[in-house]
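Each chain gets a letter, A, B, C and D, in the order it is written, and its residues are counted from 1.
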Amino acid sequence: MKLEVSVRVVYEVISSSTLILNVQPVKSAGQFLVEEHMELNQQLKMRELFSISGEKRFKIIEIPDAGNLMIHYRALVETEVRAVDAEHLDDIPIGNMPVSALSYLNPSRYCQSDKLYKFAFHKFGHIDHAFYKVMAIRDWIYTNVEYSGGYTNAQTSSYDTITEQIGVCRDFAHLGIALCRALTIPARYYTGYAYQLQPADFHACFEAYIGGYWIIVDATKLVPLNGLVKIATGVDATDTAFASIFGNLQFVSLDVTANLIDTEFRYIDQYTAEQGYTYM
Amino acid sequence: MKLEVSVRVVYEVISSSTLILNVQPVKSAGQFLVEEHMELNQQLKMRELFSISGEKRFKIIEIPDAGNLMIHYRALVETEVRAVDAEHLDDIPIGNMPVSALSYLNPSRYCQSDKLYKFAFHKFGHIDHAFYKVMAIRDWIYTNVEYSGGYTNAQTSSYDTITEQIGVCRDFAHLGIALCRALTIPARYYTGYAYQLQPADFHACFEAYIGGYWIIVDATKLVPLNGLVKIATGVDATDTAFASIFGNLQFVSLDVTANLIDTEFRYIDQYTAEQGYTYM
Amino acid sequence: MKLEVSVRVVYEVISSSTLILNVQPVKSAGQFLVEEHMELNQQLKMRELFSISGEKRFKIIEIPDAGNLMIHYRALVETEVRAVDAEHLDDIPIGNMPVSALSYLNPSRYCQSDKLYKFAFHKFGHIDHAFYKVMAIRDWIYTNVEYSGGYTNAQTSSYDTITEQIGVCRDFAHLGIALCRALTIPARYYTGYAYQLQPADFHACFEAYIGGYWIIVDATKLVPLNGLVKIATGVDATDTAFASIFGNLQFVSLDVTANLIDTEFRYIDQYTAEQGYTYM
Amino acid sequence: MKLEVSVRVVYEVISSSTLILNVQPVKSAGQFLVEEHMELNQQLKMRELFSISGEKRFKIIEIPDAGNLMIHYRALVETEVRAVDAEHLDDIPIGNMPVSALSYLNPSRYCQSDKLYKFAFHKFGHIDHAFYKVMAIRDWIYTNVEYSGGYTNAQTSSYDTITEQIGVCRDFAHLGIALCRALTIPARYYTGYAYQLQPADFHACFEAYIGGYWIIVDATKLVPLNGLVKIATGVDATDTAFASIFGNLQFVSLDVTANLIDTEFRYIDQYTAEQGYTYM
């Protein structure tokens, strides 16, 4: 797929602040950045950083003075969603998992998997194979959790969502991750741009480590998987926020777009038994 | 049933303290106290109180000096478990409920029903009639929550138990109450002596207000309903603890007994569809 | 004081519902209802109830049909804020407290005093006399908790507010109550109309049981104590909400007023050391 | 310092399991492993791993059969606690922090710094310089939190400890970390062997990133800083547990030792104003 993505964010700067901005698509095997452009309405000191594991790149922007700050970023991205045959997604014993996957078994701020063992085991423990467990988790969340804004906030965690059963994409992802980890399946948070997301915004879903691949899973079923452009993966929303503010900035507005440049588009769904394969 | 119940509790008094003791069976239509006797190993000032609604009587004991305190209470109780035809347990609209039932719709310290609306509605909302909802709640708890000591403590609430799915009678009762209230069925905590409880101890279950009766419900299924001797009902464990300590008492030991005096005993189970009736 | 209070609340009724309305000032020694009037834009079945302990009266309104519902209530109330000499507010041992006070020592949904013992003891345990402990609690809350709307919601409890230190009158009251109970001082939630509250709304504060009186305490310091008209007291916000909805009502608007009818008014503050007395 | 450390852990293996063992001191500038030896009472497949950032090394042990498992590890370690002049610990702006420090600003499972902003700011916000903020945090925890076992468990987090004010070294460390992060000071969990710890066990404290150094901080004040041997640093107890169990192992016993090999030892305290320097 060829997609053009963009974000325009505006802040009112009250006093000297620092902003960590995490909106640039990551460069990976399945994602090639044809071009990108970041524009600010002020001349500011900016530093580009990469997380050690290469799953995120972000900018630290120092804003010395009060005033209006507008940041506009856009990129042209070539993505490739690779199909994986579900039959080949063998379970990997802990002993053979790489370090890069093992750390995604730990509970985190929003994904308290240590509190969900019994629930996860009761609901999904009887299902053979990690992949089908994950598909059952996705379907259970989709069926039981109401997608609705305004009920959850920055403190809502998977421990709330599992009982309160309402939330947005962030909450769906956190719950999916927590349930996977409770079943000893490494899982990580995924943020990105999403073609056909209504209303347009950043999107969140998750990846589960199965058969040696990071399989993408979206329990909201809101968008086609081949319309996603990955910005970052991380332990949960704590290390993948599109903006982290240190200082005194007032949020004014956010506009996100994700447009198809290709002329053809065939909606790719997660997985069906007939289809037999899923995606990474 | 004629039952003899007793409790012997020992404390090491470190300094001047006050103890509120709530171990005496309540006097009610279904429960007659043939005789009772409380004995202390010290001469202490004691005051007997009754809760305003008559669901509890308790003693306030003032202990001026350090030393060993032993309290021994026993009672001979005649109880009558009354059968209620499930078919006659009509739902009562809020508008017709008495004040004494309405207050048991509110969330409480351990029964945060306000956080369980969606869960309760998804699981039990489709079931016709309050009575069958309550039976389904009881069965769901019995099936999904593991009865096991040592995992929960005095801070564990229904919001924990619904996800962590392990606990003791107290936790089973709190979750049952919270789910009832979330479905607009008044429910209250019940503490008592229990014949055949292994190991012997105080027991907790709950009562749901259905069809004008307070129907007794025990999601642990550990004891026969006709072996119960009611001590108190209340909002949850906060107002029905067998002992509330103000000062510095060290708990030493607790021995509870509940023996059948009648020569015959037929185990009474909560409710089965064939049986067609339940109990209050 | 002579005050005229009123409330106009509008709902959009989606389907058959029941509403418990708790807006009528309670009748008590310090509060005389000269007249009151409730008006609805529909002819509805209404039942008036009194809580057993007489601290609340409320109406149950049955609304059979969808449509617009407007309720308008107003009352003319004569109130008397009685001064109590702080020097005479002796501590009352548990053993001498009446049953009606003892129940307000228990933790509740929003006032988890059982989790605040150490905090309360560290901060306030060294202070002599319950009254001065309560004044220190009030001042600590006033100083440390930011009064600000939009951060807390219906699930926010004292356990959150003690750390997050932001909230509205409801949160201030819950924290005050929890800290009192943690120090073995009975405390209860107070809702009412408040003269000079900006913007006009219902107000919440609390009462602590000291020296045999229910002393009124307002940690927000937003309004004069002699401008309050009591609607109800209860364990916390769970049993004193101005409206409890069962069914499907959409809230449209709420207008509350509290006007002085007397020509003179002298602002009465809680308590100062010079002043030497407080209020009930 | 030259220290000999050891751990002997025994499990009863119920069925095929995997164990991640994290007991080996990390190799770093301040810590040299003279020799180490790990012995098992069974011949087992073992894999050694290093975390990407080099702050931890651990072994994955696969245990195919039921039976008794005994692991004995000992090491001879040469450590050097480096003094840092407090005057030279300048605050580092976010914009100049390395990626390896930035990630330790995020909230984590046990260190929900996002919920502690106001508390941290009220208590410590007025103090100049990150270093003195951190010393004040250490002293506040030491003064207000009671060191006592048996009250907290594997689910206890800093959000509990800040109010409940009781716990063990793990809880002290989590609270210190959360408060640092809330004040935009990167902080990470530290586990190790500790000379003179009574009773002997693993110890936990934390490191704060100040002036370009990871300064070690121990709010328990239980042990000399120069008696520590570092095993790992991580986000919190989730990624630094000495053992993570996947499968069915029953813990039997744990014995930890840390002995001084040097003949001389001078107790090194964290920091005093007279002393003027601290340690890393």
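By our rule, a contact is a pair of C-beta atoms (placed from the backbone, for glycine too) under 8 Å apart; a residue touches a chain by one contact, two chains touch by 3 or more.
All values reported here derive from a predicted model rather than from experimental measurement.
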{"item": "Interface residue identity across copies subunit A, subunit B - same or different by half", "value": "same"}
{"item": "Chain centre separation (subunit A, subunit B; CA means) in Å", "value": "46"}
{"item": "Distance between the centres, which are taken as Cα means, of subunit D and subunit B, whole angstrom", "value": "44"}
{"item": "Of all residues in subunit A, the ones touching two or more other chains", "value": "115"}
{"item": "Pairwise touch network: line, ring, star, complete, or other", "value": "ring"}
{"item": "Listing of all chain pairs that touch each other, if any do", "value": "A-B, A-D, B-C, C-D"}
{"item": "Complex contacts: residues of subunit D adjacent to subunit A", "value": "18, 20, 45, 47, 49-53, 60, 62, 93-95, 99-100, 102-103, 106-109, 112, 114-115, 154-155, 184, 238-239, 246"}
{"item": "Parts of subunit C lying in touch with subunit D, wherever the complex brings them together", "value": "115-116, 118-119, 122, 144, 146, 159-160, 162-166"}
